[in-house]
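Structures incoming, each one as structure tokens.
Two complexes are shown next, each including subunit A; its partner changes from subunit B in the first to subunit C in the second.
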Partner chain A sequence: MKNYNPFVLMFYFLAVVIISAFSENPVLQISALLGGILFCAIVTKSSETAGNIGFYVPMFFIIAVTNPLFSHNGATPLFFLNGNPVTLEAFVYGGAIAVMAIGVMLWCKCYSEIMTTDKFLYIFGKTVPKLSLVLSMALKFIPMYKQQTRRVSRAQKAMGLYSSKSVTDKIRSHARVFMAMVSWSLENSIETSSSMKARGYGLKGRTNFALFKFGADDLILLAVIVILLGVTVFGIITGETRFYYYPRISTLKFSAAYIAFGFFSLLPFIIEAKEAIKWRYYVSKI
Partner chain B sequence: MEILRVENLTFYYPNAENPAVDGITLSVNSGEFIVVCGESGCGKTTLLKLMKKELSPVGKKSGSIYYNGILQENLDLKTSASEIGYVMQNPDSQTVTDKVWHELAFGLENLGVPSDIIRRKVGDMASYFGIQNWFRKNTSELSGGQKQLLNLASVMVMQPKILILDEPTSRLDPIASSDFTATLQKLNRELGLTIILVEHNLEEVFALADKVLLMDKGKALFFDRPENIADIKTEHPLLLGLPSAVRIYNALDIKDDCPLTVREGKDFLERHFKPKDEILPEYVHSETISVELKNVWFRYEKDLPDILRGTSLKVYSGEFYCILGGNGAGKTTALNVISGLDKAYRGKVLINGRQIKEYKGNSLYRHLLAFLPQDPQTVFIKDSVKGDLTEILEAMEIPKRIREEKISAIAEKTGIVHLLSKHPYDLSGGEQQKCALAKILLSEPKILLLDEPTKGLDACYKQVLKEILSKLKQEGITIITVTHDLEFAAENADRCALFFDGEILSADIPEKFFSENSFYTTHANRMARGLWKYAVTVGQVVMKAKEN
Partner chain C sequence: MKKRLSYFIIFPIIPAVVIAGAVLFSEKMYAWISLCVVFLSCIPFFLAFEKRETSVRRLVLIAAMTALSVIGRIIFTPLPGFKPVTAFVVLTAMYFGPQAGFMTGALSAVISNFYFGQGPWTPFQMFSWGIIGFIAGLLSGQLKKNKVILCIYAVFSGVMYSMLMDIWTVLWADGYFNISRYLMAVVSAVQFTIIYAVSNVVFLLLFSKPIGKMLDRIKEKYNL
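Up next is the complex of A and B:
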């Protein structure tokens, strides 16, 4: 999945997150959650799985329970708590919010795994070229700055300057190092700018190069995304997927949007699984 | 064919009385490899920058520079940017972007080359330089040598006709630096690229050069083929930077061709002298131990491999002890452990017989131990050298009236009196090194730890540093140095030790240490070992030859 063109990926992520966050339909939300879980399982390391379950499952219940405790809307009271009714509708709605929230969180997690900074910069660079160069320079500068700060503070420590454990000494030592780092940064940027000038920065007609291409694979994926998304959005606009919880939970009607969105949110899993199977097959042939 | 001509070029910086470049005339043919050398501040960098239009400093310029017969002022901007490549000293600051591939593409982007062609040219260059394995890495993850290679490649991708390099290897360790030099030689041989290189360490590049330009106070002292260098018979400090073979030849006054490489030097010595057996000098040292490591283990993080694996060493009081060894072997880590910056998780570190953890607060760094890090710039915090010196005296709670006295005494000793009012960042590498040394000496240490003190220094500054260190040694200060510079170790150390695989292997006097190693030894010893086994420095070889 991560080898597709960043624009296609960005479009896909935005579509999934927006639909699952703003449609109030449980089928759409549950399929987004399922897709998110499966995608996450592939993208994250297996050593993190236990930690993730330990975080997201309690999170789910906390969100689900919070709603019925504070919202007393709904027509079917189950029991009374401190004189307030706790309703079935609020319970179900709480569950739906939790499904939506966890789904969105998982998709965001996948987003951060797949959309690395260089992909983000590429999308940025295509739209605002100057800014993308500035960002790229900043990303180069930050680790260098950190390393130099460490070197300076160690050198200062080895001279025994303000290295005692008292709070005032600590603050003073940080302030001193920071001041030195300001002059260091200025000095450094002068050299960087000569190096840029020497390589012709500032000439007219600068182009923007990126490693990413838009190939046939990207076109196919984009077509699939557009078709599935079209069917889903059609269902949402025509009201086929309209669903409400208050005052009473409405009933679900069948819609083609459910099938389309089901496939849509499972797309990354299908792609990854297909590749994994293919890989196995090739390995077995070797 | 002539590619670059400099005619009677003189240049004054604003408000300067003396010219930085004084009436230089020279002509460079296409495909030549020119090495420029001279003392720091002799105007080499200024001359190089004047050759590259975009980097010309502000000031008063007379004379003219022609590139391919076109006057520099009339040169098209695009041609100038792409055809004259310039590589600077600092590997970090001349990198512009965060990704290796983006850095390679940067120049071509500026020239407005379309994406497909950039892709091809970048691929071409990355394969030539062997960058493909780290092509998608962040530039911050690269080693110094890789960074400098990337800087070279990202200039080469613009297909320059001339490559100008200003001390590109001075911040690199010897192995990375000889790789870099080999790459330059390859570019020159295989692509016929014209190269103008400023370099301090002439041992390797001297024999590669078609012509050598020797500069002194802005003037060209010598511009000719390297083997004719012996024609200048002056006692100039510059000559200390020449390759060992040339220095031996110069000192001996024998009618023969001037040797440039180790092989030629060996032939030369064996033609004129006879072998002689020698007795190794006795080593006398004090019985008190200043620094002792007993079976010390260290690693940076729990999951990382051990850097020190049962290191033990003993340094006697008043001794000059050199730790040599490959890159990333852990020499600097050993020094960090001695200085108390890193803590060993097993084993004992004894300073003057007491365990290092018994020194509470700053007591280790007061009148006892001082550490000069590899990058002297990290020592400075204030905006003048004097401010930095005063600061350490304040921290030592020295009364105000004695401070001036102490500062002038130390400035006198290290030769930095004229630098006191300057900003530390305006100083050259050698001057920074001296000022940093002055600062740490103010804590009046008994033990001095130096990490690569000769890195990036020219021969004159090495000489100065040598004199300062021998003064300190006479005062009874124990000096422990980590260095890659074998010549420096051979000339100064009482004992040398090899650091390998997390341990200190053998510590011995330089004569024995170097004569027993076949690769890890000085150039002078490689030439003379067949004749006089224990001659390891140029001075010793010359002395033996004169006795002969």
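Up next is the complex of A and C:
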């Protein structure tokens, strides 16, 4: 999934998140959640899995259970709390919101893993060049400043300034290093800009370099995305996937959109699984 | 003229999104409509920045201040809420104007979330920090002259940040703006509001003199 063209990936992520967020249909939302879980399981490290489950499962229940406490809409009261009805519909709606919220959060997590900053800048570099310049410079400055901080503090140590054990002295030395860093970074940025100017930043006719190409694979993926998305959107527009929670929960009708969106949200998992099988196969032949 | 144009394009779009959201989807989609509105309201600032900002030096300085505020957020990760980001945003705004303040705030949110995790909260953080910077830029004269006003603004920006982010919490958990839950969220987040306000005051008082001096010197030296 990582090797596809950033524009195709961005389009895919936006489509999944927007559909799962704007449709109120439980089938679409659950398939987005499932796709998100499977995708996340692949892209995140296995050591993080336990932590993620520990974060998202309680989150799910917090969102799901608190909705009926605040929302008293719905036609089927289950019981009364402080004189307010707690309804079945509010419970189910809370669950649906939780499915949607957790699903979108998982997709955002996958987005952060897949859409690294270079891809992000590749997409926005042409439309907002100055903004993405500032963004990419700031991203470069962060590791650079960390390095410089280490350098300054080593120099201070060598001069014998860090040796005291008392807390106030320690804080003072940290503050001194930090202030040295700030003034260094400001001077450095001026130098950088002079150097950029000298090399012709902002002149006409300069081109950008990017490693990304739009190949046959991207075309195939884009075609699949557009077809599946088309069927899904058609189902949403014609009202086949319409669903209500209030005042009474409506019934589900079958729609081709469900199958299309099911495949759509499982696409990354299918691609990754296919790659893994291929890899196993090649390894087994050696 | 072009700057005006971008405002004219954006102002009809925001109400159009709200109306379209209300007509096409049931009103439970407030969370997403508000997300779009928040995101769209950042766009005129970005466009104005693209059009107006011509000095390479200012561009790189904004990048440097953004990087410093992100590093501040990373260093203070162990202390939740106690962050120097707002202080850096306000300082940038005081010395380089409202536009630069907005950009530093918004970009600090985007970039630090590359480390802390992007999500639907990113546009809200962008807007909150951005607008804190923008207002600080407008008040820069008073903020530079008077320490008391600076402290008041530090407290105000902490409270504003907290209350803006609570809107997100409520919209996210309920799918629509539930006023009783909002009030509860504001009350239950009160210790965070206090931490935000205190950290803003502490960092601004610590930084405003030494860093302000550096920024003044740089401005004078290179005629920015």
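Convention: the second predicted complex is superposed on the first by the 226 of 286 C-alpha atoms of A that agree within 3 Å, B and C clash if a C-alpha of one lies under 4 Å from a C-alpha of the other, contacts with A are read in each partner's own complex, and residues count from 1 in each chain.
Assume a contact is a pair of C-beta atoms (placed from the backbone, for glycine too) under 8 Å apart; a residue touches a chain by one contact, two chains touch by 3 or more.
No experiment lies behind these values; they were computed from the predicted model shown.
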Partner chain(s) touched by A:Lys170 [first = subunit B, second = subunit C, both, neither]: neither
First, second, both or neither for A:Gln156, with subunit B first and subunit C second: first
Touched partner set for A:Gly202, first subunit B, second subunit C, both or neither: both
Partner chain(s) touched by A:Lys253 [first = subunit B, second = subunit C, both, neither]: neither
Contacts of A:Arg280 with subunit B and subunit C, given as first, second, both or neither: neither
First (subunit B), second (subunit C), both or neither touched by A:Ile63: second
First, second, both or neither for A:Met137, with subunit B first and subunit C second: both
Touched partner set for A:Val104, first subunit B, second subunit C, both or neither: second
Subunit C-contacting residues of subunit A that also contact subunit B: 117, 133, 137, 139, 179, 183, 187-189, 192, 194, 196-197, 201-202
Touching residues on subunit C, where the partner in the complex is subunit A: 25-26, 28-29, 31-32, 46, 49-50, 53, 56-57, 59-64, 66-68, 70-71, 74, 103, 107, 110-111, 114, 117-120, 172-175, 178, 180-181, 210-211, 214-215, 218, 222
Subunit B - residues contacting subunit A, complex: 52, 54-55, 77-78, 81-82, 85-86, 88, 90, 92-99, 101-102, 105-115, 118-119, 122, 136, 138-140, 151, 154-155, 158, 339-341, 361-362, 364-366, 370-371, 373, 375, 377-381, 383, 391-392, 395, 423, 425, 439-440, 443
Touch list for subunit A against partner subunit B, complex: 117-118, 133, 136-137, 139-140, 143-144, 147-148, 151-152, 154-164, 176-177, 179-180, 183-184, 187-189, 191-192, 194-211
Residues of subunit A touching subunit C in the complex: 21-22, 24, 62-63, 66-67, 70-71, 93, 97, 100-101, 104-105, 108-109, 111-112, 117, 128-131, 133-135, 137-139, 141-142, 145-146, 179, 181-183, 185-190, 192-194, 196-197, 201-202, 244
